Amino acid sequence: MKSPSRNGKIVEVDDLKMYFPVTRGLLRHKVADVKAVDGVSFHIKRGETLGLVGESGSGKTTVGRCIMRLYQPTSGHIIFEGQDISQLSEHQMRPLRSRMSLIFQDPYGSLDPRQSAGSIVGEPLKVFHLANSRQEYRERVEELFRIVGLDPSMMDRVPHEFSGGQRQRIGVARALASNASLLICDEPISALDVSIQAQIINLLEELQERLKRLTYLFIAHDLSVVRHISDRIAVMYLGRIVEVTDRKTLYENPLHPYTKSLLSAVPVADPFLEEKRKRIILKGEIPSPLTPPSGCNFHPRCPMAISKCKKEVPPLRDTGGGHEVSCIRV
Amino acid sequence: MPVLLEVKNLKTYFKVYHGLVKAVDDISYHIKKKEIVGLVGESGCGKSVSQLSVLQLIPTPPGEIVAGQIIFEGQDLLQFEANGDEMRSIRGGGIAMVFQEPMTSLNPVLTIGRQLTEGLELHLGMDVNEARNRAIELLSMVGIPDADKRIDDYPHQFSGGMRQRVMIAMALSCNPKIIIADEPTTALDVTTQAQLLELMTDLVSRFNASLVIVTHNLGVIARYAQRLYVMYAGRIVESGTAKEIFGNPRHPYTIALLNCVPRLDEEEGRKLVPIEGMPPNLLNMPITCAFKPRCPYHIERCGQDPWPDLKLIEGQHYVRCYVET
Amino acid sequence: MTTYIIRRVIQSMLVLVMVTMIVFLVMRLLPGDPIYMLITEDDLIQSSEEKIAALRHEFGLDKPIPVQYINWFSAAVCGDLGVSIIHRGKVAKEIIGRLPITLHIGLLAFIISIVVGIPLGVVSAVRRGRWLDTGVTLLANLGITIPVFWLGILMIYFFALYLGILPVQGYTSPFEDFWMSTRKIIMPVFCLSVFPIASAARQTRSSMLEIMRQDYIRTAWAKGLRERLIIVRHALKNALIPVVTLKGLMFRNIIGGSVLVETVFNIPGMGRLAVDGVISHDYAIVQGIVLLIATVVLVVNLVVDLSYGWLDPRIRYG
Amino acid sequence: MQRTDMTETPLHASEFRRIMKVLFSRGVVVFGIVVILALFVTAIFAPWIAPYDPYKLDLNQTLVQPCKEHLLGTDALGRDTLSRIIFGTRTSLMVGVVAVCIAASVGMTMGLIAGYFGRWVHAIIMRFIDALMAFPVILLALVIAVLLGGGLRNVMIALGIGLLPAYARLMCGQVLSVKENDYFLAGRAMGAGNLRIMFRHVVPNCFPPLIVLITMMMGLTILAEAGLSFLGIGIEPPGAAWGAMVNDGYQYLLTHPILSFAPGFAIMLVVFSFNMVGDGLRDALDPRLRGVL
């Protein structure tokens, strides 16, 4: 089902750090850094879906935007289709931007309310000069509309005439327009109604089956959605990846204590099962990325923490079969 | 357990520019003492409006409670004037609410303390010092560290989860009999959500109060609620105990809802079954079943006759459907 | 909060420097030789080319523009704004004599606009849709419309000429004859305050209506609070935040209006002085007044901005 | 509450029709629209509408009280007041339109640049705007007009400069809020250039409030022009301007109050109309702007 490629990896992220300076006082001098992403390494294979799951403040959105090079990473490398893009200028990036697209969370804010649906979807075609004639442009836009399950006759409508689910389809069509091989989906369904979410999930799944080489980085906070759609899942906490595994192992054999508590926090729509499930309720709140705890930054909330956890940053190590975890207690 | 609150045939309509929105259309439900009840539905199904109607907090105009009875401790709340003395003593004192958006539900220019103590002074007649001490007590009860210092902070100095804890403290402050939590954790992270729901259910039982959880998340209901009501397009379409409904869902909408969300424990390769079409537009609705256009089971009768009545399946399990599923 | 205050003060000073630059450049770069600002017409007739050149050198007008600006600026800071042609005296002295008159009327109008405008807006919002609201809204809409100078004339015609209960025009210092002074300023103060009252009422009303829709107001209702408490404690302070911004601008408009009102009522204030200066091409006077007014406006804006901190804790602890 | 409830419902009613319906459902707005239309018609067809030549002196007919021949009487030089008011519409409208165009184009460009590029560009432009805002509009216009040498053209330029801060600030704020939206990020993510993002995404989304501001500003500009001409600055005699007419009539207030009252009323009527239409547009285009403008 998945097509093989040269090295098999479309994206490799190596020790990515993204710090945002915090300025204070009269002269707005820098007083600290928000360590939004603090040393993250992972890869995505061509044609697969990597789920990136974490709570707000975990840096998952920042990772996505760094790969899109909407931010200039503080350090680290991002290798996209064999090329290190972490230090490219905006000008050098431009041709690569057709190869990767972003799908946004908010179906309302992500579409320009003054443009027609057709011109929103067609804009990448214009930016990247992908259509040679008006005719070709129109045909391509119509095709994109059909691909995402929208009626091409609705091309001339403006976004507010569409429902939330339809708007998200427009967003998907726009992301597909430039023949991108990597789609970064940043919480694409969390703003939608429950009954609509499944439509978008299924659409994304069908697209991947049809356009074989399509790769997703699926960023979300909802573990059950991520588990449903992803081949592999990376769990983030406070700017670091704590566990990477395939979806089956994640549910059946989670290793990191944070992953465990995250799993237990998600209720299952089954009262019989819920009666039996063990609930791990975490202490306190996720600390500010401005002043992350020392060592393993999960240690203040971790039920298994020992004194060593305060001192050492646990490396992400493979426990076998690609199951990586960063915890010294496992 | 005795029935604490009984809502009978409540109708709340909104007169808007394009016509009449029947946000809540003839719903009846009850809440018993010390019970946790869930109210499930998608956005726009009228679940929030039905709860705001109980305390007559509907913005009027455009909204109006057109008909019904809301019987709380033997009195019909709808007989009271909306902002009159009797109604105000129920608000916060008898029935308290926790709202969805912790970011916007607290007044940004008043301290947490001020917002907590005003209810205590009003309903429990405490003086300034008593109220302040009680407020500190409540804050530490909901898990806010250094409550005696943080009481003088403003909402923007708290995180979303902490603000929602303050909201819970505020709701509990005057020992209400019922707490209505309107999507209390939707805006929050999963682990915070678990913390808060756990805290809320724990405190509610300590205070001997009942809890109504309004949510679209079936998992939350399955975990915490004893009974639930499923709402669609302003009506209750199915009701019963959690085990009855999750074990044997009968309304096509309930079934569809369960099939369209990913589950943590699902089998590999499970396909979601989306609900076709869109949630109904409550504007100028037909009298026939509003779910019919999206319903895979619908029969001829569904498009002709008005909504069916709720019919008993077994125990406390009722369903509003012509079709035997 | 301290950081906020210091930052605002520094910002205001930067703006003030910018103001002086604008004034200086406008005066220097526009057609007309600035030398004529410095010598009187009589002198001009008698002066030869050399004499003018000598004067030019004496006043530093042969130096590059930036140097001229610095010289002019340092003089201005010391209160030396040059010499007036018509008034044959130091500009600074002339202006200082007029300033209290304009401030007397202007500040009164400003205070009245706050004291009257904001409550009107609140009442109007609370009684939304009732006759009181309709009345206030209509009056407010007329208030932001009516030309002040025309209103002044209407009032003079009605109260002074027709009814004869108020003096027609002029100004008397309150320290000289308080009663007479008050009677004389009633009409000018009223004229000046109409626009700010109306716009404050409009702004307060719409801002109150907006706030009353907020979630935290619903929370307050759900606590069982009385309507009056909700309005006073929960809504008003929030609603005033945008109104405060507007009040800063309003002071500028009041001073602008005083140019017209002082003309209509023949009040010897700064506005009148500016108009006379403009008409008789007495640029030194005009320059001085513009500079002074901009400074006063900036100071008032600064005070207004600082009162933000009192209203909005997000700034106080920001 | 209802707002969120309705969001999933696609709106089929045409946006334009809704705006028109909101506009025309309010009496004062309709009144304003009618007055403004009448104003334009009057200005264009003034020579045909006016009963007399507004410039013709008739020393036998000075200071005539209102009568059948001269509905609003004549002034000290025997000119028909009504005809002069009718011709005065040309002055008011021209100054209003031109000054607003100057203010809007310059101000919006400054605001766009400041908001889009941010950082020090924003700081410099906005401090400059702050400085301009320290001067009362009428005083600034007075000084500029006189320094430029009086005349109607210079009054328009002066008012244009005096009023541009409002546009710059609004535009800057709009740009900043547009930049917060994901569609701005979407433009950057697909590699669209600055100009494309600015003119395809940012500018069109800034328009609704600017249309409102332009309408409101027409009223203010006409009011300011009237004030200037009241002070004797602007159109050269014998040209007709309402403000100047009020001032000319002022000296005959005791005996001929109509000479001041009538042109003043015309000013008020026109300014009121623009304000009301502006209010109506604001509520129709974007109710969220209530309180901002």
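First chain written, first letter: the chains are A, B, C and D, and each begins at residue 1.
In the analysis below, a contact is a pair of C-beta atoms (placed from the backbone, for glycine too) under 8 Å apart; a residue touches a chain by one contact, two chains touch by 3 or more.
Here the structure is a predicted model, which is why all the values come from computation and not from measurement.
Path length between chain C and chain D in the chain contact graph, taken as the least number of steps between touching chains: 1. Comparing per-chain C-alpha centres with the mean over every protein C-alpha atom, the closest match is chain D. More C-beta pairs in contact connect the chains of A-B than those of the other pair, out of A-D and A-B. Note: centroid distance chain B to chain D, computed from Cα atoms, is 50 Å. Each chain gets one centre point, the mean of its Cα atoms, and the points for chain A and chain B are 32 Å apart.
For this pair, chain A with chain C, the centres built from the Cα atoms lie 54 Å apart. Multi-chain contact residues of chain D, defined as those touching 2 or more other chains: 7-10. Multi-chain contact residues of chain A (touching two or more other chains): 163, 193, 196. Listed for chain C are no residues, as none touches two or more other chains. Listing the residues of chain C that touch chain B in their complex gives 213-216, 218-227, 229, 233-234, 237-238, 311-314, 317. By the touch criterion stated above, chain A contacts chain B in their complex at residues 55-56, 163, 165, 193-199, 201-202, 221-225, 227-229, 247-248, 251, 261-274, 279, 281-282, 285-286. Chain B meets chain A in the complex at residues 42-44, 159, 161-162, 189-195, 198, 216-224, 242-243, 246-247, 256-258, 260-266, 268, 270-275, 278-279. Considering their complex, residues 55, 57, 59, 83, 87-93, 96-97, 99, 101, 104-110, 118-119, 122-123, 154, 156-157, 167, 170 of chain B touch chain C.
If you check the complex, the residues on chain C that touch chain D are 11, 14-16, 18-19, 21-22, 26-27, 30-32, 141-142, 144-150, 153-154, 156-157, 161, 203, 206-207, 209-210, 242, 249, 252-253, 255-257, 259-260, 263-264, 271, 274-275, 278-279, 281, 286, 289-290, 293-295, 297-298, 301.
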